[in-house]
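The chains carry the letters A, B, C and D, assigned in the order they are written, with residues numbered from 1 in each.
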Amino acid sequence: MRQYIPFLPVVAIYGTLFLTGLLLEGMWQPMALLAFYGALGQVFNIFLGLTGYVDFGYVAFLAIGSYGMAIAASSLYEDLGWWIVPTGFVLAFIMASFLSIAVGAIALRLKGAYFAIATIGVSEGLRYLIEGTGLWGGSMGIIVSRPLREAFGREGANSLSTFWADSILYGIALVAAFITLMILKSRAGYAFLAMREDEEAARVMGIDTTRYKLLAFFISASLGGLIGASAWTLKMNYVFPSDVFDIVYTIEAIIIVLLGGSGTLLGPLVGGLVYGALKYWLAVTFPGLQLLLFAPLILVIIVAFPQGIIGILRERMGSAFRGVIL
Amino acid sequence: MRVILDVKGVSKGFGGVQALRDVDLEVRAGEILGIVGPNGSGKTTLFNLISGVYRPDTGRIIFDGVDVTSLPPFRRTVLGIGRTFQIPRPFKRVTVMENVAIGAMFGSSSVGVEEGFRVAEGYLKVFGLWDKRDRDAESLTPVERRLMEVARALAGRPKLLLLDEVMAGMPPGELDGFLSILREVKVREGIAVVAMVEHIMRAVKDLAERVVVLHQGRKLVEGPTREVFMDKRVLEVYLGRT
Amino acid sequence: MKIRVLLLSILLILPSIATAGEAILIGGPISLSGKYAKEGEQGFIGFKVAEKWVNEVYGGVRIGNRRVPIRYVYYDDESKKENVTSLVERLIKVDGVRFLLAPYSSGLTLAGAPVAEKYGALYMSHGGASDRIFEQGFRYVVQTIGPASSYQRSVVDMVKAIDPSARRVALLFEDSEFSRTVMMGVKGYLKEKGMKIVFERAYPRNVKDLTPVLTEMKARRPEILLGGGHFADGQLLAKQMGDLGVDVKAASILVAPTLPAFAKTLGKEANGFIAPAHWEKGVRFNRENSKGIGLGYFGPSQEWFIREFKKESGGLEPEYHAANAMASILAYVKAIELAGTTDVDRVRDAMDRLHFVPFYGEWKIDPETGKQVGHKMILIQWQKGRKEIVWPEEAQTARPCYPMASCPGR
Amino acid sequence: MPPFLIALYGNLLNGAILGAVYGMMTMGLSLIFGVLRIVNVGHGAFIMVGAYTAFFLFTLYGIPPLLAVPFSFIIGMGLGALFFYTVIKRLIDSPELTTLLATFSFGVLLEEVAKLLWGPDYRGFNWEVGSLHLPFVTIPLEKLYAFLASVSMALILYIWFKKGRSGMAIRAIMEDREGASCCGINVDGMYGLSFSIGIALTVASGSLLTLFIPVGIHPYMGGIYTLKAFVIAVLGGLSSPWGAFFGGFIFGLVENGAYSLFGLVPGLEPFSMTYFAAFLILLILLLIRPEGLLGANGG
């Protein structure tokens, strides 16, 4: 049982967010925003945090997942009724996994900056492919408000978009955190640790680094696809390629992971909370100036605390607590 | 005795430089083989070929009856080839304990996390690193790093251990201790050791049963340690360019 | 865990800009930063000016025999959809806004719609032009900006009126949801009018060289060009048409020619270009000529609006985003007065009956969908370095010059 | 000539001109990567600074954009030095993650400051210098000037690299960092210098770019150029400024040539497809020739 203890703070934080949103008037969406950033960090961390590889085109997986849900909803609602949602998630998962395997098999041979640039290429290339061939509505995208309304009724569709989509997101975040914990506590966790430090030495130590990288890439990408399906298609009701292939989300995911502590369990969650709350607070208090204030703040953090919030906490704590906060 | 490693006629070139030419090598189970040769003689290249960092241009490498010539390094480790690096490559921001445990978890023993730490505990104690188990590896002295690398490699329960200049820079007192630990572990676990050495002839004389001398990418001499060190060609290579 | 407590408390004690009480709260997320910052700025100042007019000039919203002031509440959404949903909820639940102003762009408008629908708050689209928003079956979403499908239609009308023989049309537009909707809207209309589409291509956003596509288009010898998308691409299109000697009789480009910068940078080459616009300085909608149209004229005069806009913005020229922002608030005010209450459902019903004319032009929605049907696009054309309104005939400040080559100053 | 060939010929000519500016736009990125192993994700924001510089010099003082180039270069040197000594210096040898984020944040900072100072409006100007009429095609002269300026900038840089003292030192660092530091080269100083020059080249290229985008000058204009620069840099081998320059050429030619080809396929939007093709080429190249089309790494 002891090995599940680090999971408790994660559950506690998401639980608090969820309950705060549920019980306090007007807090559901702001809490869902925090949960979105937490989940984004959590799933991205499975790849970036564990392997140390920077996927600069990560948003492509969220995008392809949101297309999966949109395709299911817009083309099958007459036949499937409310089953479009589970079908959409399955489709999102499958599409994101396929993309991750295809990209992983090719791009994961590259290292460092080359990998980062290659993944940007995948994301942008995919977007232009969709726009250039008119695939899935091309630049017009897919709007699913009407299909959802047909399948769930007015009330049902509203609560799907404003309650269930967010609740599912909490679920995805928890699953991602749990998978992270399982990895960190297993041999795989040590494989990643070794690989991040020195990939060649890790290979000589007997670690099949390619397999582990692909594994992390696959998990991270397919969960990312589910986030796209839920937080974008179900919640926002539309998918426009220019909107979903937006590199800003990748950058946000990177900031969150780095802010909280890369490769830790709690880090991305804490990073997501701090990032989301800070942005929200700045938007409300200094409308229009938040990015101006935010950018230098990030620079200061990078220079002064490159190990992130959880990284610092772990350093300050005695060895007895190291195992508790992951 | 059974041949555990059979290197057959390997060559390797980098650009215009031929690092190894048609080298044969046999290592028998349980023996300690020394490979000596001056800087640039191709020793490290040979190690990298055996451990799988490079693939040979020609020739084959058979380990324990399996042709490993084109296997990636981690497969060879799982089969039982362990190694250290000439310049130690510890996982720096990982504790000493975890470093060694990682060796145990992914070597040919392939044990779980807890068992890995148990195995690591044993080797840390043997190599006198137990007190420093919770430190990050980057805080170790160069000699400690070498020791830790040997412990890490041994923790994987290899059948063949490749030591790359492990004894360089060791003060004489520690060297003796190290040599006796190595002999003891070797006997206890029945592994073959290939130790590559550039300078410390005494260590090779004390340790190795057989010696191979490499020179300019070719095998110069091979034989029992004492005989090799008497060989005229070896003396020429080492004592002067007559 | 200290951090968590701290964070939550920060969130909970966030300063609330709006104070409840007597005022009617009207507000929404607005893009003050990010990719829609430019349009957001225009809309934002438009809203502020509207608030000022309603409270200081008009004297507050007439409900029964009371006069209630309005208060404009806003947050920056950074042009991002995630922020829209949480800010819309905050506006509704924390600030108590029942009359929302949707953010700029069709995408962001769609993002906030389910939240508004859930809480039954009215959601006025002033920058979401896509017709598809209004095909989704929303009840509380209504539109002030004209639907995208109507943007280029009046160009066809104008050309047909001047030159019935013109037939060959080229469509060259930005590959975005907005411009595609515009082009789809005009395509059917072109067929109806017996025109022939000889060329149809989209170019990607952020394009910086149109030479290949213009060369290709030139070879098809179109007489009329309908195209464009946003600012930079439209300007590039006009510039490179000149560079490559692409000669058409009429060229109508979305958005770019409506900006003063268009003529400032292109100089004499700007003359002759046409653009559809929702509103333009000089549009003649006033108390006199609006008599008999629905409830008649409502709101400040155009001159007042322009003057106050410049004052509020420190010298900026108002564009149509600002005008339709102001019109959105006027529509709310008028609808509340018509309903005689601030009850959202009754105001929504009143909107179905609402038909009035602000300086921005007629306002009337389709009761079924909430789509704007009263507003008519005007056409502007650059002539001698001035932006003239050339269509419809009743709003003209100058007669259209056609073919383009004959334009004064070109 | 058949119309398809005329179009292809026109497109290729145009592509070559654009390509030179692309190349110039990417040299700074490659220089910085080559020396410091840092990918400047905020690249586009520096291009934006150059564009504004040219814009203000032209509209306020009537200084033609070609003369704005040295001004932008100096501004770029300043910005580069500022960024280097406040942030980058402390991050050398950090994992990619940190440097990617740092350069990105600095880019955002520049964009937001630009927005604060100059507003979110689209701006532009038109430098009227006439056109060159060739058989079948017309080339605006200002573009031709931009082409010549790019080529000369590249040449000057080349000469400095081959003959200049600091240029040679930087070349030595690109080839072997440890080696260079023990040969009496002030590595830190050279990092600062090459970073500043990299930024300066980028800012200067932003000024030339204004000759191609009549009203594309606004605070967030840079993003698309960052992406293109990545592709071009990879074409040229990522760490070689010369590679980058020729990569730009090739990119311009491919982009424009591919348009003609994709245009033949019904149902496709040839423009988007050329962008898609560009990224596809990027991926293929990274896999089969990470050292770039022109071969050798380094200087």
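Of note:
To be clear about the criterion, contacts are C-beta pairs under 8 Å (C-beta built on N, C-alpha and C of every residue); 3 or more make two chains touch, one makes a residue touch a chain.
Please read these numbers as outputs of a predicted model, since none were measured by experiment.
Steps from subunit A to subunit D, minimised over paths through touching chains, total 1. Connectivity note: excluding subunit A, the chains that remain group by touching as B | C, D.
In this view the innermost chain, defined by its CA centroid being closest to the centroid of all protein CA atoms, is A. Just to note, of A-B and C-D, the chains joined by more C-beta pairs in contact are C-D. With centres set at the average Cα position, the gap from subunit A to subunit B is 43 Å.
With centres set at the average Cα position, the gap from subunit B to subunit C is 74 Å.
One finds 36 Å separating the Cα centroids of subunit C and subunit D. Here the CA centre of subunit B is 49 Å from the CA centre of subunit D. Contacts with at least two other chains are made by residues 128, 131, 138, 289, 291 of subunit A.
Subunit C has residues 33-34, 37, 175, 202, 204 in contact with two or more other chains. Across the whole structure, chains are in contact as follows: A-B, A-C, A-D, C-D. Residues 1, 3-4, 7-8, 10-12, 14-15, 17, 30, 32-34, 37, 74-78, 80-83, 85-90, 92-94, 107, 110-111, 113-115, 117-118, 132-133, 135-139, 175-177, 180-181, 202, 204-205 of subunit C are the ones touching subunit A in the complex. Only residues 185-187, 190-191, 193-194, 197-198, 200-209, 319 of subunit A touch subunit B when the two sit together in their complex. Looking at the complex, you find that subunit B touches subunit A at residues 51-53, 72-75, 77-78, 83, 85, 89, 91-94, 98, 101-103, 105-108, 110, 112-113, 116, 134, 152, 156.
Residues 33, 37, 39, 41, 86-87, 90-91, 94-98, 100-102, 104-106, 108-109, 111-113, 115-116, 223, 227, 230-231, 233-234, 238, 262, 267-273, 275-276, 278-280, 282-283, 286-287, 290 of subunit D touch subunit A in their complex.
Subunit C makes touch with subunit D in their complex at residues 33-35, 37-38, 40-41, 175, 201-204, 206-209, 211-213, 215-216, 219, 231-232, 235-236, 238-239, 243-245, 256, 259, 261-262, 264-267, 269.
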